[in-house]
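Common to both upcoming complexes is subunit A, partnered first by subunit B, then by subunit C.
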Partner chain A sequence: MFYLKGKIDTNKLIYFMFSLPALLLYSFFYIYSVICGIYYSMTDWNGIDISYNIIGLDNFRRLLTDERFWNSLSITVYYAAALVVIVISAALAMALILDSLVRFKTFFKSIFFFPAMLSSVTVALIWDQLFFRAIPVIGKGLGIGLLSQSPLASTKTALNAVILVNSWQAIALPIVIFVAGLQTIPKEIYEASSIDGANSFQRFRYITLPYLIPTLTVNFVLTLKSGLTVFDYVYAMTNGGPAKATEIISVLIYKHGFQEMRFALANAEAVILFIIIATLSYIQIKISGKGGVISE
Partner chain B sequence: MKMKRFLVLVLAAVMVTFSLSACDSSESSNDGAKTGTNEKNVEPKTIKLEFLQQKGEEAPQTAYAQIIERFREENKNIVIEQNTIPDPGNVLISRIAANDAPPIFTDYPTQMQFKQKVKNGYIECLTGHDFLNRVNQGVLEMSKANDGKNYALPLSQNYMCIYYNMDMFNEMSIDIPVTWAELMSACQKFEQAGIQPFLLSYKDLWCLGHIFQSLAISMNDGLVEYTVDVIEGEKKVADSAGYKALAEKILEITDYGNEDALGMSANQMWDLFANGQSAMIISGSYARGTILMANPDMNLGAFPIPNDEQDKTAVLTGVDAAICISGDATPEEKEAGLKFIEFISRVENAQLWSDTDGAPSCIKGTVYKNKGVLPVIDKINEGPIHDWMASSVQNNISNDLFTSVQAMIIERDIEAFLENVDKTIGNALQ
Partner chain C sequence: MIKEKTIWKLLGKMVMIFGIVLTLGPMYIMIITAFKPLPEAAKSFFALPSAFYIGNFVELFSRNKFWNYAANSLMISTISMTIVVFFVPTVSYAIARNFNNRYYRFLYYYILLGLFVPFQIIMLPLVKQMTKLNLLNRQGLILLYVSFSLIRGVFLFVGYIRAIPRDIEEAAYIDGCNVFSTYTRIIVHLIKPMIATLMIIDILWFWNDFMLPLLLLNKSSDYWTLPLFQYNFKTQYSFNYPMSFTAYFMSMVPIVIIYCFLQKYIITGISAGAVKS
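What follows is the complex of A and B.
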C-alpha cells in the first residue's frame, strides 16, 4: 500500500495520516454505534433496566407480523419516492433555467440556495404556522374544500403536506450540484449538434443528460437517503399524526425507543432500515456507475 | 501484505485506546466531583450540583430560581444549577441509562416509569427523613413506590380542568356548569351568541390524551380500572358501556370545538384562548402560567369537568414536580441534595414556590391564593379524585389508545373505535 520500489512512499503515508483523524472519528461514532445497535436489537432491553436478556432474532420475527411497522415502512417508501421525484425533477428544471440565464445568474443561484441554509426544524415550524393560520384563510376565500383547514390536520393530506415542505427545502442543494454539473459540459458539443440540426429536446436527451448522469446519481442517492431517514420535518410538524398517517419509520423508532420503552425493538427497526438503505445505495451506485459520459 | 496487517493492528490499537480514554475521562470527571469533601480545619469546598427540572414553563423556572437563591444564602458552599431542557422525560431516561444521571432532578413518583427507575436503584430512598412529615399525608401515600417507601418529595399537585373566560361568562350571565347538561347548554348559548364555546387541541397526542383522560375520570365510572382489566385480558372495551358513553361525550364536545382542532397545537390553543377566541378550553394546571403570560389582564377561571350528576364529578389530579436524588450521586452530592430538599419543603419556601408557580402546594400549612381556580381546588380537597393513567397503564398502550381516539374523532365511528382499542391493546401485549 505504501511501498514504492521497495521504499515507503512518504506521500501516500502523509495523505493517509491526514485522513486518519476523520477515519477514527467515523469509526467511533458510526461503526461502533452500528455494532452497538445490532447487539441491542437482539436483546429485550427496555431502555431503563440494568439487566436484560439476549433473545436472538425474536424482535425481527415480531416485526415481520407487526402491522404498525409495515404501515410505517410503506409510508416511508412513499415519502422517499415522492421526495425523489419532486426534488430531482424540480431541481433539474430549475438548474436548466438558471444555467440558461445570461444575467443575474449568481444572484438567482444564491436566492434558490437560501432555503438550504435554514435549519430544517425552523422551516418545519414556520410552515406549520403557515398551514395552520394562512392556508385555511386562502382555502375558504377561494372556496377550495381541501384547503379550508390545515392540511396537517387530515389523514389524507398530512403526509403530502410534509413532503411538500421537505421538498421546498431539499431542492436547494441539488440545484447547485446540477448547475455545477451543467457547467462541466463542453459548449463545443452543443454548437456542433446545433450545426447538425439537433433541436433543444434532442440536445438535452443526447448531450445534457448523459453528461449529467454522475450528478444525477449523487442527487438521487442523497435525496433517497434523506427521504428514507427523514425525522425532523415529520417530528416537528405532525409527530407521526394524525392517527399515524405520517408515522414514518424514524418517528416510529424514536417513539418505540424513548416514549414506549421498547428500546430493543426500536433498534431492530433501525437495523432493518440500515439494511434497506445500504442495499439501495449499493444497487444505485452499481447501476448508475455504468453509462454516462464522464465515468466511461 | 505484512504492512497491511501491521496497519490494521495499529488502527485497532488506536481505536481501543480511544474508547478507553473516553471512559477514563468520564471517570476522572466523577473524581473531580468527589473532591468536595469536608476535612477538618479546612474550609468546606464549594460543591456544584446540577438540578434537572422537568417543567419548561417560565413560572416554575422562576419559582425554582427564587428558592435556589434563598438556599444559596444559607448554604454558601452549595451551588445548585437549574437545568431545563426540551423533552426532559426522554433526556432523563437516556442519561440514567448512560450512567449520567443528574444528582438532583424532578420526576413523577406515581408513574409506572418512576417505579421502574426505583426498582433499578436509580433513585435514592427518602423515607426516614423528617422533612417528609411536612407533606400532606394523602399525597405522600399516593407517591409511594411498590416497596411502600418514598423516593421523592412531592412539592405540588397538578390537575385537569376547564379553564373559562370569566368576562365572557359574566356578560352572558352564565353560571359555572356543575353538570354535563349545564355545560352543553352553556356551549349552546355561546354558539348562538357567535362565541366559540371550546377551543380544542387534538394535534399533539399528549394534549388529546389529557383531554381524553380528564373526561374519562370526570365520569367517575372506573374507566381506568376497566382499561387495566382489558390489558390483563379479562374484559373487552367493545363490551363497555362506559367507554361508549365517553366516546359520545368526546364527539359532543368536539362539535362545540373549533373546526381545526386536529391541526391546533396546545400552544396555539392557549394563545388563542388567552386572547378571547373562545369561552373555554380543557387543559391542565401547567397551562395557567402560559395563558396568563399571553394575556396578563385576562380574568381566568377554572372549574372541574362536570359529570352527568353534580355529586359524582371526579377530578383528575396527580403529584407534579416531585424532587428526587440520583442513586448514583456521590455521598457529598446526596448530602447537599438532601439539604436542598429539606430547604424547599419548609412552609415559607413552599409557599413562595407555589405563589410563583401557580400550582397548589403539597406542603402542610401553605395557602392557595388563586381565587379563579378555587372551584377545582375545593373539589380536589372534597373528592373524589383520581390519578393519571400513567400510574397504571403502560405508555405504549396509552399512546395507542390516544391514537385510536384521534382516528375516532376523524371518522366519527364509535363502534370501530371500541374494536380498534381492543385490537391495539391485543397487539401491544404480544
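What follows is the complex of A and C.
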C-alpha cells in the first residue's frame, strides 16, 4: 500500500499513521462493546459465572411478556413525549420573547443558557433537596395536600417531578438554537405582512413557523433522544422508585445488569433501545433534507 | 392594533421574569444555604443568611477528601482534553483529504455509526471488558473519553476541513512540505475555531459526566470525580443539606468563572455542535 515504484510514499504513510490510533481505539472500546452487547443478549449469562449458554432469541421472547419491561418502556415513552412537549413549547415561547427584546437580549440569553453548563447530577441533587425542603413548606402554607411532601416520594407525582427537573436543564440549549433560527428570518417579511393586515397569530403561523422548521426538527430530535436514553436524573433522584413509578429503561438495564444478576436480559433490553434509537436517527436523516423554507 | 401589541409585550415580560426566577431561583437557594448553619437553614429556608457563616466550607475542605476529588476531575478532564485535541483533528484531516480512498471513507462511516448507538448498549459489556483489562481506574476512563469523543469530533471536523480549499496545501507541497509539516504549519491554524468548539463541548462533558465515572470509578473513593462525590455525598449527608449545597456550589465555581468570561464562545460553540450533529 505504501510502496510507490519501490520507494515509500511518506505522505500516504503519515495519513495512515494519523488514522491508525483512532481506528484501533474506536474498534477496541466501542465497536467491540456493541458487538459483545448484541452477543450477550443471545445468551443466558448472569454476568458472573464462568460458563453460559447461547439461547438465541429467548431473551427477546421473554421480554415480550415481561410486565416490568413493558411498564418501563411505557414510562420511558411517556417521559420522552412529555419532555419534548414541555421543552419545545417552553423553549419556543422563551425564544420568541427573547427575540422581541430590544435591550439585554444577549444578557438574558446567557442566563437561560446557564443550566446547560451544569452536571445533570448536580441539577438533580439540588432539585431533590428543593423538593424535600421547600415544597412541603409551600404546600402547607397554601394548604394544598398534594404538596405536603416531596413530590418524589409519591408514586403519582414522582415521574412528572423528574421530568420537570430534566426540562429545567434541557430547555437551555433549544432556547439558544431557536433564537439563532429566528434571526435568520428576514425582517421585511414581517413588515410586508403587517401592511397586508396580518395579526400576530397569523404572522407566527405563516411566517415564523415555516422558517423555524429546520430548527424545530433539530430540537425535536435532540430532546427526544435525550428523553429516551435519560439516566442521570432518575438514577440520582429516585433510582426508579417509589414502587417502580420512575423505572425508565436505562435504570432497568442498569439494575438488571449490575444488581439483579440478569445480565443477558439487560443486554436484550439495551438491544431493543438500540433499535428504537437507530430507527429514529435514520428517519431524522431522511427528513432533515426536506421541509422548511430554508435548508442550511 | 396598539392594544393587542401592548398586551403581548406585557405578557412576554411577565413570562420572561418568571423564567429568570425559575432559572436562578435554585442557584440563589443553593448559595444562601451554603452560608447558613443547619439550624438557621431549617428555620428560614428562603431568607438571606443572617451572618456570613463559612463553617460548611471549613468542614467540607477538612473532613472530606474534597480536594482529592477536585484533583481527579481536573486531571481526567485536562488529560483527556489534551489527547483529544491532538488526536481528533489529525484523523479527521486524514479522512477529509483522502475521501476518494475506500479505507478512509469506510473509517468515516464506521466512526459515524456511533451517532446511532445509545450508550446503554455498550454500558454492560464495557464494564466487563474494562474489568478484564484491569482498567477500572482513572487511566481507563481517560482512554474511554478519548475513544468516544471521536464520534462527534470526527463528524464535526471532517465536514469543516473538507470545506477548506486545498490550494494552500498544494503550494506547501511544492515548497517541499510533507503531510505532517503541512498539517502542523498550516492546517492547525485554519481549524482553530473548530478546535475551540470541540474543546468547549468535550471539557464540559468530561467535567460534568456522571455515567462513565459511575461505571468505572465508584468502587474506590480515591478515584471519585466531583459528580460521583456529589452523588455519594447525598446518602452520607442527606440530613445536613447546607453541607450538600456547599459541595454542589464548590463544584460549580470553576464552571461559573469560565462561563462569565467565555459565555459568548461557549454558547455559539455548543449550539453549533448540537445543530450539526
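Please note the rule applied: the second predicted complex is superposed on the first by the 253 of 296 C-alpha atoms of A that agree within 3 Å, B and C clash if a C-alpha of one lies under 4 Å from a C-alpha of the other, contacts with A are read in each partner's own complex, and residues count from 1 in each chain.
Convention: contacts are C-beta pairs under 8 Å (C-beta built on N, C-alpha and C of every residue); 3 or more make two chains touch, one makes a residue touch a chain.
The shown structure was predicted, so the numbers you read here are calculated from the model rather than taken from an experiment.
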Fit or clash - subunit C, subunit B, common subunit A: clash
Just to be sure I read the superposition right, which of the two partners does A:Tyr32 touch: subunit B = first, subunit C = second, or both, or neither? both
Touching A:Ala91, do we find subunit B (first), subunit C (second), both, or neither? neither
Figure out whether A:Ile177 sits in contact with subunit B (first) or subunit C (second), or with both, or with neither. second
Which of subunit B and subunit C A:Gln149 touches, first, second, both or neither: first
Now for A:Leu224: first (subunit B), second (subunit C), both, or neither, which partner does it touch? neither
In this superposition, which partner touches a larger number of subunit A residues, subunit B or subunit C? C
Answer with first, second, both or neither: which of subunit B and subunit C does A:Met42 touch in the superposed model? neither
Classify the contacts of A:Asn199 with the two partner chains as first (subunit B alone), second (subunit C alone), both, or neither. second
Quick check on the superposed pair: does A:Ala80 touch subunit B, subunit C, both, or neither? Answer first, second, both or neither. neither
Does subunit B (first) or subunit C (second) touch A:Ser119, or do both, or does neither? second
The shared contact residues of subunit A with subunit B and subunit C are 23, 28, 32, 47, 128, 132, 258
Complex contacts: residues of subunit A adjacent to subunit B: 1-3, 23-24, 27-28, 32, 46-50, 62, 66-68, 128, 131-132, 136, 149-150, 152-155, 238-244, 255-256, 258-262
For the complex, give me every residue of subunit A touching subunit C. 10-11, 14-16, 18-19, 21-23, 25-26, 28-34, 36-38, 40, 47, 93-94, 96-98, 100-101, 106, 108-122, 125-130, 132-134, 137, 168, 173, 176-177, 180, 199-200, 215, 218, 222, 225, 228-229, 231-232, 235-236, 249-250, 253-254, 257-258, 263, 266-267, 269-271, 273-274, 277-278, 281-282
Would you mind writing out the residues of subunit C in touch with subunit A in their complex? 4-5, 8-9, 12-13, 15-16, 19-20, 22-24, 26-27, 29-30, 45-46, 87-88, 90-91, 93-95, 97-98, 104, 107, 110-111, 113-129, 143-144, 146-148, 150-151, 154, 178-180, 183, 204, 207-211, 214, 226-227, 230-231, 234, 241, 244-245, 248, 251-252, 255-256, 259, 263-264, 266-267, 270-271, 274-275
With touch defined as at the start, can you tell me which subunit B residues reach subunit A in the complex? 3-4, 7, 11, 14-15, 18-19, 90, 93-94, 96-97, 113, 116-117, 119-122, 202-205, 259-265, 268, 394-396, 399, 403-404, 406-407, 410, 427, 430
